[in-house]
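The structure that follows is given in the form of structure tokens.
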Amino acid sequence: MHKNGFFSLLFHTLFIGFIVAPLLVVMAMAFTDKGYLSLPTNGLSLRWFRALLDNQEMLDAFMLSIKLGLASATIATLLAIPAALAISRYDFPGRGTLTGFLLSPLMIPSVVLGIAFLRFFSIAQIGGSFWALCLTHVIVVLPYALRLTLASTIGLEKDIEQAALSLGAKRWTAFHRVILPRIRTGVVGGWMLAFIQSFDELTMTVFVATPGTTTLPVAMYNQISQTIDPLITAVSTVLIVGTLILMLVLDRLVGLDRVLIGEGK
Amino acid sequence: MAFLTLEGLVKNYGTFKAIDGLSLEVQHGEFVALLGPSGCGKTTTLQSIAGFVQPTEGRIVLDGRDITHVRPEDRGLGIVFQSYALFPHMTVAQNISFGLEMRGVAKAERAKRVVEALDLVRLGGLGERYPKALSGGQRQRVAIARALAIRPNLLLLDEPMSNLDAKLREEMHIELRAIQRELGITTILVTHDQVEAMTMSDRIAVMQRGRIVQIDTPFEAYERPHSPFASAFLGKTNAFAGAVQLRNERCCHVQVRDTLLHVPHEDRSLGQDVNVYIRPEKIRLTEPGLGRINGRIALRVFLGNLWLLAVDSHFGLVHLTQPNLGHVPPAEGNEVGLDWSDDDLRLLDREAAHGQV
Amino acid sequence: MARYDAEHVGAAPWLLSGPALLVFIALLLAPLLLTALLSLNLFSDTEGVLPVYSLGNYIEVFKDDYFHEIFLRTGSMALAVTVLCVLLGVPETIIIARMAPRWRSTFLLVVLGPLLISVVVRTLGWAILLGNNGLINDALQGLGITDEPVKILFTQVGVIIALTHVLVPFMVIAVWATLQRLDLQVEWAGLSLGASRLTVFRRIIVPQIMPGILSGSIIVFALAASAFATPAIIGGRRLKVVATAAYDEFLGTLNWPLGAAIAMLLLVANLIIILGCSKLAERRFKQVFE
């Protein structure tokens, strides 16, 4: 196969530099010992990470985002599993429309979703509720959970369930002893991706967040809109490292390219 | 002067020798098959001739020109790939005219040659279709037409029939052979299918572990294999272990169990351990006691054009085939006699048998 | 999974997908419909939302130069981002595809990983890099290329750069998917027929990945046109795009109907772009690709 020549590798290096530059900059600045945005030219300091631990606002936002992520990912996955089974198992009229409908949030701009939810909440008077916010996140992340779960239910050999049934297993037994273990990686991968997407969600949440239900990205956005100080870079560094770890787990589990691209390795 | 010469080809991948000193001479217009199991190096050899693999050592000379280090796009060979490798985004006609375009052939002439090529493979009229809309057999013909349109002086076929169903494959063997004869183009075929090799080629080069172990016409290779490997790879055979008891310049007598077999045209040392081979189609059924040995029919299978039988005897399980001439051989359980002509016996050293197939 | 045909189906699939369907109808369809209705209301500074139905908001958007400028700016920025993503993303994907497996997976992770990091963080990085006291300006001045800080932050160029960074992984994903389906032997066939390496690239590889490039472009354009956070942070208050304009009306001026109208227009535009272009591309390529 054609190997990459010098110019290709040069281009590649510059491209990778372009990709990681903003992230490296943010992480570098988090270790500054000065009181303003700067590079840690005097040596690395953890003062801003310590400051983070004292910042109640950020900590609250962080906890909320975690709780929100766990809740919405779990609910989305629980909804997605039966739907995925229905879609891959049965050939019924309306199957395409149903699938398209459940995946539609991917095609709707987050701004539009945010406005729509805000309008809905104001009419239903459920503005500041955690569960209302959670349900909006469920809508947004369900497509991700569904796509990954579908990938593993569709790939399931047709005959395995038939074999189990022919050997005398009841429907439910066949499901949780034979099918569930096989789709487990798709389901777990879907859950993790849903969690990450919920945690990261900004644009839509900006519209529906209230002072009592502010997620971490929204808190960061509000902060950045006013002024950028090293505290926010410390928060960002924590997020980057956390995401990196989750990414590696996700890759080990399902294969990151399958998650993001949809085709097997 | 051979048209194509491979001299001492070696290809190493790290410590793995894919080609281990391979030399071959192919005459102009000849059809040679490289036959062997997967991993024997036949595809690597073909890819070296094509230029996609650079040999570690050795030379490739085509029509007097050393092409060993010439780039693939400058070699001017016709190649039919195993997956056909048609350009999916081009029509059949565009696929075929691509090579002509690369050679600077004028548009009008290209169109003419495309029609010729399509007629040659009997796909006339399908020029405007896309590969996606064609059947497997049709795609293969397009691949052949595309390779032949550039009027190459050497045609390389890389297991081109492996994706076709059995019946289509048989038809294509004969058709492709006819085309090759008509055009008189020197051809190298790579395959693991011995029927394919025997149907199409003038000579078969049997390959094992990166080397050619025997090169002969199909008849010679089948009737007189030089090794147990070649013997087993080309068709089925029966093997009986024995030791040489008597010998002179003209023949050997080999003791197999309690029977002395007379094998003409072979010479071995006294006492040497050997295997006696005989092909299934060379054994005949007779009444018990009227043949060389007796046995009981253990298996009888009807295959349409012939019967397949396995007979339990004191030589072990003997396989034989019988053409379907209308009468039905005895059923399982019956006692029979087995007979053959001594001329059909072959001898190969037992030592050569160890560690081989 | 054992596939059941339409006869045996009955209500089972609907029961299974019921919960998800109900949640979606209640919480997606309903809010969108309500927003559509809202966009038909009118607004007055004194009385708030008026329970009238008219197309007034839409007319305002179509007639007002202010909105023309915003839509035009958003569209041209999205176009610029798309072009950049093609120029940067397509070669990079091909380069990665040609690497040895170990490097390939590593770099794929590096390029696609940022998708899993919140857009706030990525945009923050650009805000820092592009500012007047930011690293890029420091470098430019340090190298002597400019004397004063070059204003990149709060300009369209800045937004385009940052958006390209955010969206180029989507282009890589789209092209990678089509690249995976390429048969290596097809390239060899091209070479064997006498085509030079460059010709093989131009006439054989590129046409085959064109569907991927197109679908990637559609996705990137749609996402760039509806982007909010990046234009808000990098572009600042004065550089409005459609999404930030909607935000302004909704949470700034509190003119909810107008904000809703802008949102509806954005939604419709998005759907037209995605579905429309996909259908066109599909028809063009249908006869050629599986």
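We just call them A, B and C in the order they show up, numbering each chain from 1.
The working rule: contacts are C-beta pairs under 8 Å (C-beta built on N, C-alpha and C of every residue); 3 or more make two chains touch, one makes a residue touch a chain.
Being a predicted model, the structure only gives us computed values, none of them experimental.
**Q** Using the touch rule from the top, point out the two chains with the most contacting C-beta pairs.
**A** Counting C-beta pairs in contact per chain pair, the top pair is A-C.
**Q** Looking at CA centres, what chain is most distant from chain A?
**A** Centroid comparison gives B as the farthest chain from chain A.
**Q** Taking the mean of the CA coordinates per chain, how far is chain A from chain C in Å?
**A** 17
**Q** Report, in whole Å, the distance between the mean C-alpha point of chain A and the mean C-alpha point of chain B.
**A** Their C-alpha centroids are separated by 56 Å.
**Q** Considering chain C alone, which of its residues make contact with at least two other chains?
**A** 197
**Q** Touching chain C in the complex: which residues of chain B?
**A** Checking each residue of chain B against chain C gives 50-52, 71-79, 81-83, 85-89, 98-99, 102-103, 130, 132-133, 146-147, 150.
**Q** Could you list, by residue number, the parts of chain C that touch chain B in their complex?
**A** Residues in contact with chain B: 183, 185-186, 188-197, 199, 203-204, 207-208, 210, 287-290.
**Q** Touching residues of chain A toward chain C in the complex: what are they?
**A** Within the complex, chain A touches chain C at residues 1-4, 8-9, 11-12, 15-16, 18-26, 29, 37, 78-80, 82-83, 85-93, 95, 98, 101-102, 104-105, 107-112, 115-120, 123, 135-136, 138-139, 142, 146, 153-154, 156, 158-159, 161-162, 179, 196, 199-203, 206-207, 217, 220-221, 224-225, 228, 232-233, 236, 239-240, 243-244, 246-247, 251, 256-257, 260-263.
**Q** State the interface residues of chain C toward chain A in the complex, per the touch definition above.
**A** 1-6, 9, 12-14, 16-21, 23-24, 27-28, 30-32, 34-35, 38, 88, 91-92, 95-96, 98-99, 105, 107-129, 133, 135, 165, 168-169, 173, 176-177, 180, 184, 197, 222, 226, 228-229, 232-233, 242-243, 246-247, 250-251, 256, 259-260, 263-264, 266-267, 270-271, 274-275
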